[in-house]
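First the structure, in the form of structure tokens, and then the observations on it.
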Amino acid sequence: MNLHEYQSKFRFGEFGIPIPRGKVATTPKEAYEIAKELGGFVVIKSQVLVGGRGKAGGVKLAKSAEEARDLAAEILSKTIKGLPVRKVLVDPGVRFNQEIYLGITNDRAVGKPVMMASSEGGVEIEEIARTKPEAIVKEYIDPCFGLHAYQVNNIASGINLPYDHWKQFTQIAMALWQCYLASDAELAEINPLVITDEGQLLAIDGKMIIDDSALPRHPDLAEMRDIEDEPEAETRAREAGISYVKLDGQIGCMVNGAGLAMTTMDMTKLYGGDDIGPANFLDIGGGASPEKVAAALRIILSDPNVKSILINIFGGITRCDDVARGLLVAYEEVKPDVPMVIRLQGTNAKEGRQIIDEANIPNLVSASTLTEAAQKAVEAAKGAM
Amino acid sequence: MNLHEYQSKFRFGEFGIPIPRGKVATTPKEAYEIAKELGGFVVIKSQVLVGGRGKAGGVKLAKSAEEARDLAAEILSKTIKGLPVRKVLVDPGVRFNQEIYLGITNDRAVGKPVMMASSEGGVEIEEIARTKPEAIVKEYIDPCFGLHAYQVNNIASGINLPYDHWKQFTQIAMALWQCYLASDAELAEINPLVITDEGQLLAIDGKMIIDDSALPRHPDLAEMRDIEDEPEAETRAREAGISYVKLDGQIGCMVNGAGLAMTTMDMTKLYGGDDIGPANFLDIGGGASPEKVAAALRIILSDPNVKSILINIFGGITRCDDVARGLLVAYEEVKPDVPMVIRLQGTNAKEGRQIIDEANIPNLVSASTLTEAAQKAVEAAKGAM
Amino acid sequence: MSILFDSNSKVIVQGITGKQGSFHTKLMMEYGTNVVGGVRPGKGGEWFEGTVPIFDTVKKAREVTGANVNMVIVPPAAAVDAIYESVDAGIELIIVLTEHIPVHDMMKAYQYVKASNSRLIGPNCPGLLVPDVGKVGFMPGSIATPGNVGVVSKSGTLTYEVVYALTEAGLGQTTCIGIGGDPVIGTTFVDVLEMFENDPDTEKVVLIGEIGGRAEIDAAEYIKKHMTKPVAAFIAGQSAPPGKRMGHAGAIVSGGEGTAEEKIKALQNAGVRVARNPEEIPDLLK
Amino acid sequence: MSILFDSNSKVIVQGITGKQGSFHTKLMMEYGTNVVGGVRPGKGGEWFEGTVPIFDTVKKAREVTGANVNMVIVPPAAAVDAIYESVDAGIELIIVLTEHIPVHDMMKAYQYVKASNSRLIGPNCPGLLVPDVGKVGFMPGSIATPGNVGVVSKSGTLTYEVVYALTEAGLGQTTCIGIGGDPVIGTTFVDVLEMFENDPDTEKVVLIGEIGGRAEIDAAEYIKKHMTKPVAAFIAGQSAPPGKRMGHAGAIVSGGEGTAEEKIKALQNAGVRVARNPEEIPDLLK
């Protein structure tokens, strides 16, 4: 789960990391009040869960409360990468002379957290990795022993941080580690951490990603999920216990298993070419009760781009005849009007296919291989466009 | 640092371990009030930092508030193993049907904490180890990973605890581990942990020893030190940065280094025989400034049993001539009237001895070997007895 | 022959009394797996299906039965404890099916397992299957048949799909293993490839990967340097957008890393035949 | 020859700019020890005594100087971090002089060192000395002389006492080592006895123990089973009462365990000549 900049920074602040004293506004008037309180010189930052806000005009400097109000109005009316801006963070303006990157993430291959830093902050770490990899300093953190103070020294030394700042840098790095740990974060990143003209370190932008699997033990973090800022279908899928990601294509997919669901998407793209592709990722998980199939159908159909539906079930423990029966019940309930292709394979596939065929539903056909199913779904989508 | 029973139990309580709702009394009247509040049936427990309180008559059951008052008066007038009883804990009486031992201590050889339990609680663990070692179940705890829930299951299974109690036992064991950890304890022990007639687990006696080296980071625990309950000289020594332990003999010892200080004690015993021995352990540490030597002299002389003083300094980094000069200054200040033997060896020993000899102080003689010094100190003590 | 599991393997099931645990244990026993015990605190002394003894702890189960394999099918909050318990009890092979273990917990447990003599498969994996010998986990027994192909995969149903396709094409398997779709897992592609390379009965290998992480890149490097046996592969998620998690906790392209494209390129560069479609795999092995 | 330290050893001092650190480093250099660097964050680039470079981190110090020994003489709150830093920088021998490290911290660090390739001596130890070759720590150089006796001790000044007595009696030393008086230490009697047993130049061994713990009992067992060289010993604290800590954090008889009596008995039972008085030791070796 991604946190907004303001959520990440406020949380950093709770762990003792110095952050600007900004506040969130949802209207130009609120932005005006905050800016006035902060002395007029502020930065207005759109709070949307995508990268590249700056380039998209979602971050602006204001020299007065009036200007802040006008810029907030402008930004609040924007849509950035498909997401309407609903909130802005109004932070005091800061003059600084250096931008540092400091972040912690999980290194999957090593099975350890890694702290990364660079004196070339202010751009994305991947950008630094591409353009100046030698400017990135890494310290792997033993998850059983935690971040050692000496490791922060190695980092400070590695990025040539003047010694005057080491003490504060150590406090910040340790606090970031504690915050990462206590939040079950996959990423906790300060970028940039600036050295202000007054010689203080300050976290002026921040980002956190929380491990979804750990949310049950962090109700406070789970509450931070901004459901306004994600497609409504994803929210509903999560509530139904279905794994769903909205995509840009035309073929709605319903599959059991994440790997097979990705594969099914890939097949629609393989046979669909440049114009046709998957409308979504959808894994209904183990079992396939009529209720779950119906919920999945409704979620898929809530996307107006969907022109056909491809249902691909590999019956292992799940029996295909059960799925077929479940689908017929769900069909009656949802009454989808787009063409549907169902492919059943594995345990009791034959019986399942027979049930579908005998139901004789005009817009529901079955297929025996994934290739055949994908080709049929592509054809159907083309016919409906 | 040893904690009193009530300090240990109240701390256990903070970590969620069920303890009796008792209170501490320093007067019979207070004991009466507490007993009345608790319904009359109470146990009065002397709070002194020694073992074997029960056998010494320091723990008594009362059936009424009046009896509690009288028993408290009796116990508060006692001296147990040389320590006057200044406080009693008044706990509600509890009826129970099983006594369990549950403790965590550091295993030095393995370098890990070890949790120990036994269904034969209520006596000291060393007693169980002697009489019924197979009744002790151990689980080593990896200090980096902490106590695992499964280890508590192993213990519960090992002591044949009925499954009904496992859930509560796990909560208690985990809480004890957290308490041990958060307190930098060397020992955290519940003995006994009883199963009450109502089927609940309850920690009716407890003991904690805190690692002295960790006290600087636990000001709350450091404050719990009961200086009333230790010899005054030990309190003063600690304040002066001197390591001192009062003993029962007649020869006051002043030595640099813990191992050498113990050895010097041993020598006075070796040559003193059954009647003469060390009056104290005293390590003045590195260096030997006149102030420190003077403080050490005063601490030694505060013990009225001291009949002679043996000063044994091995000059390594410390130079013996410096020590000799320091001693003369301290001597002038403290003016001890018991015979003193000083043995200087190592760096600049010759010069040191010359300084002592030239000072020509009637009750201060020097010796060149430890054997000679010990023998002279024993003779001097005998002469003064 | 097979890898990791054979007719001498003795399996206990931790979580045997749970709904999923009992269901799958029955299927495993029907398939012929030597299930020697179950673990469930408080049920020690009882019997599963009248024939399999239940113990309170893994330690006891191991002492009594001599089990060397523990299948862990307990809720996520208890799964990591089960890993430590298995390691400390001296279990050789720990197979964790449980999904949704927090990755911080898993990183710690991973370090612990790595320093031990135990091997961990998973978490969040379908387990393994040795045709006609036994299976530990979710894989349906009906889709597999004995042969000379080793199958290793991050996925569940996609593995069944491929194994089924192999069986239909007359290509039997030595061992089918799902290593799991979580970011931090106990056994990687490289570990399994090495075992297949050293297994005399495995002649060909199928690798099924997906987007996220760089395990497939490491596998490609290993194949290039050390493998003599032919490998065919499929990488799922070619049409997945960056920054979005595709079901599996580990299936995410982040910061431009972990795309299907780079994985396919690396594998092809190592001489692996990469299928565009999992149904092509049998042909690529012929 | 000596154990653990020889003329090829390159020493860095962590805490070189402190009062104690600089004082002892000078003495070590005067004695001929090859001190190649110092570590003090923020002083990187400066020089100690005009000849020894100071570095911000152990990593840098090791990279530049090739040091294999780190002497740690920093405050207790920083000492455990220095151990991790030394291990992670690949230092072979870490000698920690610092006293009053909390034992919980030390237990964790001990596990870390044990799993690594580094050896730790201490904490709370006087260090080691190889006569006429070098010394790391507090031992005064003047009391020692080269010879064939290996000395290992839990103590500081008591060690000096014994080494001085040996030297006075014409018995030189191969190596004198103080392993420290804390409850949890990196190198035990058994470790050092094994090294002395394997060192061709060490012909006789002196062991100086004290009350508390069971390291001397373990040593006696080792001597009985494995040692061919004669061992003389002294155990301090014979007159110490139970339950009282005698200066050293580890010097305490608790629960009837760790008495001088049982240690002496075990050593005698292993054929060790135990002195009643440390000044007797040279005679017991003759």
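Should a chain be cited, it is by its letter among A, B, C and D, assigned in written order, with residues numbered from 1 in that chain.
What we mean here is this: a residue touches a chain if its C-beta (ideal position, glycine included) is under 8 Å from a C-beta of that chain, and two chains touch if they have at least 3 such contacts.
Just so it is clear, the model here is predicted, and its values are computed rather than measured.
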item	value
Interface with more contacting C-beta pairs, comparing A-D to A-C	A-C
Relative to chain D, chain with the most remote C-alpha centre	A
Length of the line joining the C-alpha centres of chain A and chain D, rounded to whole Å	55
Chain B and chain D: spacing of chain centres that average the CA atoms, whole Å	28
For chain C, residues that touch 2 or more chains besides their own	108, 112
Residues of chain A touching at least two other chains	142, 144-145
Topology of the chain contact graph, where touching chains are joined (line, ring, star, complete, other)	other
Chain-to-chain touches, reported pairwise for every pair that qualifies	A-B, A-C, A-D, B-C, B-D
Chain B partner contacts - residues on chain D that touch it in the complex	23-24, 27, 76-77, 99-104, 106-108, 110-112, 114, 138-140, 142-143, 153-161, 164, 181, 183-184, 188, 208, 210-211, 213-215, 218, 234, 236-241, 244-251, 255-257, 260, 276-279
Chain D-touching residues of chain B, taken from the complex the two chains share	106, 108-109, 111-113, 124-126, 129, 142-144, 181, 184, 186, 211-214, 216-217, 243, 245, 247, 249, 255-263, 265-270, 277-278, 281, 283, 314-317, 345-347, 369-371
Chain A to chain D touching residues, read off their complex	142, 145, 148-151, 153-154, 157, 163, 166
Chain D - residues contacting chain A, complex	41-42, 44, 56-60, 78, 81-82, 84-85, 88, 108, 112
Touching residues (chain side chain A, partner chain B) in the complex	144-145
